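Labels run A, B, C and D following the written order; every chain starts at residue 1.
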Amino acid sequence: MIEIIDSPFDPHARLADYQRSLQSVGGYGAEASFTGYMRDHNDGERVTGMHLEYYPGMTERHLQSIADEAARRWELLEVLILHRVGDIAVGEAIVLVAAWSAHRADAFEACRFMMEDLKSRAPFWKKEQLDPGERWVQGNTPGYK
Amino acid sequence: MIEIIDSPFDPHARLADYQRSLQSVGGYGAEASFTGYMRDHNDGERVTGMHLEYYPGMTERHLQSIADEAARRWELLEVLILHRVGDIAVGEAIVLVAAWSAHRADAFEACRFMMEDLKSRAPFWKKEQLDPGERWVQGNTPGYK
Amino acid sequence: MSIQVKFFASLRDELGRDSAEIEDAGDMKVVDIWQQVAGNQPFSGNILAAVNMEYAQADSPVRDGDEVAFFPPVTGG
Amino acid sequence: MSIQVKFFASLRDELGRDSAEIEDAGDMKVVDIWQQVAGNQPFSGNILAAVNMEYAQADSPVRDGDEVAFFPPVTGG
């Protein structure tokens, strides 16, 4: 399941809700998840807020293609991708990605793959509010070192 | 924080509680977590329940050493390791591991390292209830393929 | 019909508009669309393009009725 | 004083007891403790040992007052 969300969401509550709804209780042994939160600093500057823009239509389509690709490459029972858009405050969740599988290797690797693809390819753009001023974030740092 | 738990726990509620208690709100951008659940099958057999034994004293000490080692190797703000012991029903959470960091690579890698070390070295032993009978689990499968 | 063009984020700010509509001249590629909407600004590696909501390259074909989008490197997650 | 020995999981079931106490004979190693409690069963790679709650090897020294534990491969998580 993928979803674009335009107001604050509780990542742990969403994870719990979705996990409860899975029909395969007892079938999955592994749940790997990642939550990205808005930090109060970036590139050495204090950040006070953020606006997250997306491309309605293409963004949902791209997130679905990430979920489909993960399901092709690993043995997964379910995946979940949620992403905030609009105005975001410090400390709020921006993204939640989760994968359920019978075994942990599949869950871990699928979860990380989905986050890396999302960061490098999904159409989202961050504009940070500084004090004073604002700036578009220029690019994401690679997630593999 | 590490904890041995002898009754059912809600991994998402615990994750939410711990995340709320972090003093570094706005300082972390990344939370990676893994939850292991009891499956209804293992090695081709249907499993109806499980007893999880540990070595009081050594197990806590080993989990703490995993948390300390992760904090040495990656830039982490917090880590959490919870592990069930005693009688466990199908679908219940067995283990929760989480890491918070400013950046996702550290959170992902620390979370996975902690799970792999826990699976291969932490003193826990599973005895599965089959129908009929029971058996000690012989060993964990490697988590890196 | 015609070709709908959309701009996002910093690229929209730079161009001063969020969309454009251009006539299909036949046998067009993404880079041709870019030159019509951006004038002298080169189509560099810092500009990404999509045709009908799928990533496209400078030489990807564009047909009448297509939606073409230009945007800077993505920064979600 | 003496040396406290503990057994866990399937190894406890096989040996039929969860603990033992043995006299320190001086200059003892983990494998010596094992031989005293397990008789003829060899100290194989499928048996893990800890001294004072830290992993130990067959030739790790054991001193009076130590706690020694033997157990099968771990299966937590």
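Assume a residue touches a chain if its C-beta (ideal position, glycine included) is under 8 Å from a C-beta of that chain, and two chains touch if they have at least 3 such contacts.
Which protein is which chain? UniProt says A, B = Molybdopterin synthase catalytic subunit; C, D = Molybdopterin synthase sulfur carrier subunit.
Values in this document were obtained by computation on a predicted structure and should not be read as measured data.
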Co-neighbours of subunit C and subunit A - touch as defined | none
Going only through chains that touch each other, what is the minimum step count from subunit B to subunit D?
-> 1
If you average the Cα atoms of subunit B and of subunit C to get two centres, how far apart are those centres in Å?
-> 48
Gap in Å, rounded to a whole number, between the CA centres of subunit B and subunit A = 22
Mean-CA-position distance for subunit D and subunit C (Å) | 71
Which residues belonging to subunit B are in contact with no fewer than two other chains?
-> 36, 104, 115, 119
Going by residue number, subunit D touches two or more other chains at 77
So, with touch as defined above, which chain pairs make the list?
-> A-B, A-C, B-D
Partner subunit C, residues of subunit A touching it in the complex | 36, 52-55, 57-58, 61, 83, 94-95, 115, 118-127, 136-140
Within their complex, subunit A touches subunit B through residues 10-13, 15-16, 19, 25-41, 90-91, 102-105, 107-108, 111-112, 115, 119, 141-145
For the complex, which residues does subunit D have touching subunit B?
-> 6, 8-10, 13, 50, 53-55, 69, 71-77
